[in-house]
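The following block contains the structure, expressed as structure tokens.
Which chain is which? They are A, B, C and D, in the order written, and residues in each are numbered from 1.
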Amino acid sequence: MTEPTTWQACDPDFESRVRAAFAAQPLMEFIGAALTGVAPGVCTIALPFRPELVQQNGFFHGGIVGTLADNAGGFASYTLMPADAGVLTVEYKLNLMAPAQGDMLVAEGQVVRAGRNLVVSRADVFVRGEKGRIHCATMQQTLMTMHGKGVA
Amino acid sequence: MTEPTTWQACDPDFESRVRAAFAAQPLMEFIGAALTGVAPGVCTIALPFRPELVQQNGFFHGGIVGTLADNAGGFASYTLMPADAGVLTVEYKLNLMAPAQGDMLVAEGQVVRAGRNLVVSRADVFVRGEKGRIHCATMQQTLMTMHGKGVA
Amino acid sequence: MTEPTTWQACDPDFESRVRAAFAAQPLMEFIGAALTGVAPGVCTIALPFRPELVQQNGFFHGGIVGTLADNAGGFASYTLMPADAGVLTVEYKLNLMAPAQGDMLVAEGQVVRAGRNLVVSRADVFVRGEKGRIHCATMQQTLMTMHGKGVA
Amino acid sequence: MTEPTTWQACDPDFESRVRAAFAAQPLMEFIGAALTGVAPGVCTIALPFRPELVQQNGFFHGGIVGTLADNAGGFASYTLMPADAGVLTVEYKLNLMAPAQGDMLVAEGQVVRAGRNLVVSRADVFVRGEKGRIHCATMQQTLMTMHGKGVA
């Protein structure tokens, strides 16, 4: 329904910039998340199951699902920003649609609209379990381009 | 502006039920969060700073802020549910309003409206730092009462 | 990124049911909105420009954009519900991404995930103006199936 | 829970500026809404019942509830902005908590946090009906200060 879009990155080094920013977040290593895909306007993050990351039923905790979605949408947006910019999440809204029960969580972020200052993105989160790949959460997010405030 | 409300818990043992549910979430221990307050329609969770929980600037990661807010609003709602019910987050929306920079993060959840099946709650997150106590995030959330599906 | 889905309607008369529900909303006639497309999991609503519907700059008011998005997502969800069910919007979140300046507003709703009781949908709103078709807003929404409470 | 705040308006003429902006929105007159209260960080809008504004059950349409909430939160934020600024809704999230059934709808907006560029606000919507005053909806919203772009 939304027209498919092919984004252009204004910074040719967007990928190494995004990978460096991801690596600079201690939380990602702490939970065991890995950046598995970066392209203009797109970012994918994967997280293998760990027993520390669950809620009372043994499923990935909603806060972890939100963390992955926030980062996938945020780094998708960051791919389109200028080389000297930082990125800030203004807000996000997450629907938890099915139990995140499985051995791998994958968040796929994509830009919906990129303005000069504000970017709107979306992320879909899938869990890989016994029933196959389940679309367990979806997020809509607003980010701000912090011109001139990139992580040097 | 919202009229202050005094909630009544239908389950007299709501506090031990909420404390047991909190203790049953391995993620809370993993990040070091503690349940610091439970009352009808209200729940407070505190999280001391740890270097593993940060983003690239050394502030609490937005996903951690969201995790705390989700749980504070969720357990606030859970206080008002029947003894045999479970609680499920349907969705939440989080505004990150200021950098979560400091040595302690506190999320205060409160119920806005409790229906038979759906509960709407809110959580405010504060960070205690050099500038005092900063209101760094606010969340609006929808939860579902899972009748007869409590954690026995 | 989200896998394309082909929804199946369980009620063969879903289209006439949705058209009747749309016609039963006086607000739609009052603002001049028309139901322009109905298919399983999908609904499109169009609204020609009227000078009464604008904000201070002469663009469609954000509340009108939200009204159209809410209804497009709601009726998209309603197509998949049983014949005897009613539909209720639990909540929605709308990003206004560009000025809604033009002579026609179109909201395209689609279901993201349909559970037994809760449905998650999305709507994209486009405005047709001098610069062509602009994607001016996007919405994420939660709806509830009211079993046995359809508009008879 | 949220500490009560007393906002200071930097523009002494904030009230006439807000009243002029409200009057400049043709949609408000079209639906019959009136600005009933303006103070620093606060705005109240009332809307008497009209049969054109309803959904299929004869209650105020959710889109109308959202329109009122959006404007109450937006003008509450506008009270705190500089004299030469315009205001733009970035996004809002609305929970519809009870049927908006009654003869008067009132939206009360208040600022939660006012940054230089972004403002976060909240609005609560009440309906006055046979059962008294019901809190039927609550909204969380992000606005942008458009410096130097006020409606002259």
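Rule of thumb we're sticking to: a residue touches a chain if its C-beta (ideal position, glycine included) is under 8 Å from a C-beta of that chain, and two chains touch if they have at least 3 such contacts.
Computed from a prediction, not measured in an experiment: that's the story for all the values here.
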item	value
Chain pair with more C-beta contacts, C-D versus B-C	C-D
Taking each chain's C-alpha mean as its centre, the one farthest from chain C	B
Separation of mean Cα positions, chain C and chain B [Å, integer]	32
Cα-centroid distance, chain A relative to chain C, in whole angstrom	27
Cα-centroid distance, chain C relative to chain D, in whole angstrom	23
For chain C, residues contacting two or more additional chains	90-91, 93, 95, 142
Chain A-facing residues of chain B, complex	21, 24-27, 29-30, 51-57, 61-64, 66-68, 70-71, 88-96, 151
Partner chain C, residues of chain A touching it in the complex	1-3, 42, 93, 95, 97-98, 108, 110, 112-113, 115, 120, 122, 124, 135, 138-140, 142
Complex contacts: residues of chain B adjacent to chain C	90-91, 93, 118, 142, 144
